[in-house]
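Chain lettering (A, B and C) follows the sequence in which the chains are written, and residue indices restart at 1 in each chain.
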Amino acid sequence: MTYAIQLQGIDKRFGAVHANNKVDLAVETGSIHGIVGENGAGKSTLMSILYGFYQADSGTISVFGNAYRFTDSQQAINAGIGMVHQHFMLVDNFTVLENVVLGAEGGYALAAGMDAARRELKRLANEYGLHVDLDATIDSLSVGLQQRVEILKALYKGAKILILDEPTGVLTPQETDELFKIFAALKQQGVTIILITHKLREIMAITDQVSVMRQGTMVAHVNTDATDESQLAELMVGRKVLLDVSKQPGKPGESLLKVKQLNWSDQHGVARLKNINFDIKAGEILGVAGVSGNGQSELLDVLTGISRLQQGSIEVLGKEFTAKQPFDAATMRTMGMAHVPEDRHKMGMITDFSAAESAIMGYQQDSELNAGVWLKPELVRQRCSELMVAFDVRPKDVQLKSANFSGGNQQKLILAREMERSPDVLIIGQPTRGVDVGAIEFIHQRILAMRDAGKAVLLVSVELEEILSLSDRIVVLCDGEITGRMAVEDADERKLGMLMANVQESHDPLQAQMQEAVQ
Amino acid sequence: MDFSDLWLTFLLTLDATLRLATPLVLAAMAGLFSERSGVVDIGLEGKMLAACFTSASVAYVTGSPWLAMFAAIGVSMVFALIHGFATITHKGDQIVSGVALNILASGLTIILGLSWFRQGGQTPSLTQEGRFLSIELPGADLLANVPVLGPLYKELLSGHNILVYLAFALVPVVWWVLYRTRFGLRLRAVGENPKAVDTAGISVNGLRYRAVLIGGVLCGIAGSYIAIAHNAAFTRDMTAGAGYIALAALIFGKWRPIGVLFACLLFGFLQSFAMRIEGVPVPGIGAIPVQLIEAVPYILTVVLLAGFIGKAIPPKAIGKPYVKER
Amino acid sequence: MSRDRKLAWINGLLLPLLNVLTAFAATAVLFLLINVNPWEAAQTLLYGAFGYSEGVGYTFYYTTNFIFTGLAVAVAFHAGLFNIGGEGQAYIGGLGAGLVVFALFPELSPLVMIPASIVGALVFGAAWAVGPGYLQAYRGSHIVITTIMFNFLAATLMVYLMSKVLLEPGQMTPQSRLFPDNAWLPFVHDVLANFGIKVDRSPLNMSILLALVVAILVWFFLWQTRWGYAIRATGRNATAATYAGINQKKIIVVTMCISGALAGLVGINELLGYHHRIIMNFHVGYGFGGIAVALMGRNHPFGIVIAALLFGILYQGGAELAFEWSNISRDIVVVMQGLVILFCGALEYMYKPWLMRWLVPVSDSAKGAA
């Protein structure tokens, strides 16, 4: 058996983050090899190392049996590796042809090289079915066609190994089918394909082998035939020590948050939320499960007024908002909604601010803190130390820069800020991401306490354990759609895993179609 | 005033337009290279001023305008290198760096001038051989009496110094380099999406340094033109905002060589028109304030930037230092 | 010492200090280049700035201008904006101060006249900044370019007004007529004389008190009000500011108005305090100097007052240098401003990798260099 790629002991740190921890990988020549893992599992870093974009701290790379030490992408290209990045590396106002020849122009003056490139591209287009207008500018092309240009780019530079990072994330189902047909054609011609994704259905449909990454390490290599989606889902998410959360049965009251027919598209016009409907009652926790990147962040942003509502309605405590009555984060707060954001560094706090300043973020207008416009420092500090005591934030230094607290203590401070004001509706994203075990238990108890105090809680988490142990009801998000909803008593990891991958039945028409496309 | 007088006045205004537009064209082309690569260059003014001083000094000492110009180019390139070092190597703020160079040039030229020539910061006046002189095109006098076209040839086309011709000849060259060469393709790409260039295995920093240095060369020529071709000595802050007007022309011409050329000609024309109508009453309106005409380039640029007349879309990656991110 | 502590020391003290020292060292090299002993030059400079009471007066007079423009640049910086238009805003602010004076009855009490004129400077300065601010917030026009253009527009507007509209009849130099006595800000030497303290005449006037009060107000505004909080949040982390319900567009416009208003106060020191008429180019160099002052003062009012004093010393001392040595002029200060902006601004982190290697061992930095 020959290997197109062999990676051994690849290790890479970015500051505090151990992105790749002694990763091994072997990819057979002429196969389609899937690499799955959640966002941040280290897949993209690994591939960027293979492509020479980053250098590994240690480890070896060999391509078709030859050892390499890539210091830039040009060397990887010369070794026969091509990469299609998740965010396309295309110059938007260039033509397709210009984009393809960039870096391989063939001579100082462009004219001659361009003509040769045009002929070669026509040949490639016919061979693999990669048809695209060479003189169209990139910004006039659909996302699917842009991706085709990326593939052409790689092939034009002589790629025998093609790496694709989340290629279907931005595609419509039809475009995805087209892409898989291209894969089939490429495989027939002996091109090796590495497919990075978190969509398990695609892995099952078209790969030969699959490798699973979790938190920077490679946790499994399996033949696709010998596995199924729920097993992969478990491998990806990982089994944590079951958290012991004692929970009284809930006593749900009236609905405090109602979401109806919510649709939302990003700036590229790709639908990120599709027909979302749910409601949350007082004294109830609704868990939103799903592999990250399936619309959870968008849902949080729209609900809390950070992204503009486009379609559908949101009813908070009896007051209805639609696209015609735009609202912002400040409005939602005054309505009695609080929000613990998913990413505390990007959104939850300002790392340059003191703990006291971060502890009033969003509440800077609060009349209890202000005398006129004077935001009274001693009141701000006092508020912060009260929060610190209530949630046991350490060190209890209100003047310390927010950046200098540990992740768990930063998170506790944010939770304290949002919870201590006793909001009626609490929206929480990834409450325990990057938080130490001791803090996790504490945070869970606090969230339950909010429920028991009669608040409506929306809990978004990629940790299935967390969802299962805290929620009263669960909805599952997959590709921006709710693919399942159930009471917690009816849920288990296997069931949720299936819904997270959106496979309900044994017969799935799309999957059959995909397999057909490959054969 | 009969027709031929009017025609002559018109030609002389256009003639002055060419002279005034020359440094703008050179500086704007310098800015075009830099900004097309993604590096904001508000230091055009400073580089030109440093070049003005260098060329005037060297021309005075050596008596050779060519030597003076090469020295000016060298100094201007040193300024460009500092800008590159701060913004490309150390990822510093491009605006802050440009402002620093402008201020530095403004002070340094006076301090060094005072120390070397003791004339209050000016350089001594140059004699004719230290300057770039006007070139009469062949047959200019012979054709002068041909009606209409004769004056056009003699007054407008003939009688400029070599740098004027060089500046205007440069524009098609810049166009060719930008759109018809490998370097141009990569340069345009790096200003739009440096990551695309990096993943294609091309050095982003290398390209940007080259672009910034070309800007240095062109600003060196522009400064030499102002000091030893258009004038005959260096005087305090003699660029008088030409670098900023060139920047405005660059925006107004939407970062494209031909568009930028016409913007420079328009701005040059406004300047020469303002000089010509100073104090001359316009029938029915009275005297137009010169300042109003002088202000037109600035007003036009602001209106354009506000998106009220078309949209000037800058290179996408402009102003952002390139850092490989996770 | 913990790693965080060390980093705080490096970023907060060591780096800025090294940067300023580099700027000074580069100036010393320039002195050597023009055959002036840097040590003697420094002594002359300090004598000029502090050696006699007239010199001290001038030093603080220049300091006043730098405080105003330094604060103007810093307030904008805190919102993540680079206001390079201090020159134009100062110029137009002076125009506003003067126009208010001319619009009022000359007999009006100074207690009304002067505050009204100050309001005029604030409003006109703000008016010259609100355009670029609005265009940045709502039309996405780059504020650096628009403020540069507004500098030139201010210059051309003033040439027109001074030569055509405000020109004192019978005058050749473009300047307005004299302000009535009631609009004059008291000179410090006159005020001190009332208390029996005799100092030499200098342009130093009560604007310096205004500058210090304004510096305290700016500190209060930025760190003790919810508006200042919103401005700093916007500048530090725009995403978090949106999360906090802060309207960033509004913040940009308001911040630019404040910044422009502060720059406009230069006109009070120059015109109400000293020239007592509107003149041409009284503002030149202070707007750009404010950038150096803000960068050196780390955008904090206290630092800005200190940095402004330093530039005041250099400005006045530079005049002394020019007097002593025929081969130096006050432009040496301009050079220093350029060097300070270069090393404290554009090359702010030049020494950082080197300091990190030296002071923070690799084992530490592996844990949290991000």
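In this text, contacts are C-beta pairs under 8 Å (C-beta built on N, C-alpha and C of every residue); 3 or more make two chains touch, one makes a residue touch a chain.
Remember, predicted model here, so these are calculated numbers, not experimental data.
Student: Which chain pair shows the largest tally of C-beta contacts?
Tutor: Contact tally peaks for the chain pair B-C.
Student: Farthest from subunit C in C-alpha centre terms, which chain would that be?
Tutor: Chain centre farthest from subunit C's centre: A.
Student: Counting only Cα atoms for the centres, state how far subunit A is from subunit B in Å.
Tutor: 48
Student: Using Cα averages as centroids, what's the distance between subunit B and subunit C in whole Å?
Tutor: Using C-alpha averages as centres, the distance is 30 Å.
Student: For subunit B, what residues touch not just one other chain but two or more?
Tutor: There are none in subunit B.
Student: Among the residues of subunit A, pick out those that touch two or more other chains and give their numbers.
Tutor: In subunit A, 14, 17 touch at least two other chains.
Student: Inside the complex, what are the residues of subunit A that reach subunit B?
Tutor: Answer in residue numbers: 14, 17, 19, 45, 51-54, 72-77, 83, 85, 89-94, 98-99, 101-105, 107-111, 113.
Student: Can you list the residues on subunit C that touch subunit A in the complex?
Tutor: Those residues of subunit C that touch subunit A are 4, 8, 223-230, 232-233, 236-237, 239-240, 242-247, 366-370.
Student: Spell out the part of subunit A that touches subunit C in their complex, as residue ranges.
Tutor: So the residues of subunit A touching subunit C come out as 13-17, 304-306, 328-333, 339, 341, 346-353, 357, 360-362, 364-365, 369-370, 373-377, 401, 404.
Student: List the residues on subunit C that touch subunit B in their complex, please.
Tutor: 30, 33-35, 82, 84, 131, 135, 139-142, 144-146, 148-150, 152-153, 156-157, 159-160, 164, 288, 291-292, 295, 326-329, 331-339, 341-342, 345-350
Student: Would you mind writing out the residues of subunit B in touch with subunit C in their complex?
Tutor: Residues 40, 42, 82, 85-87, 90-97, 99-108, 110-112, 114-115, 118, 120-121, 241, 244, 247-248, 251, 289, 291-292, 294-295, 298-299, 301-302, 305-307, 314.
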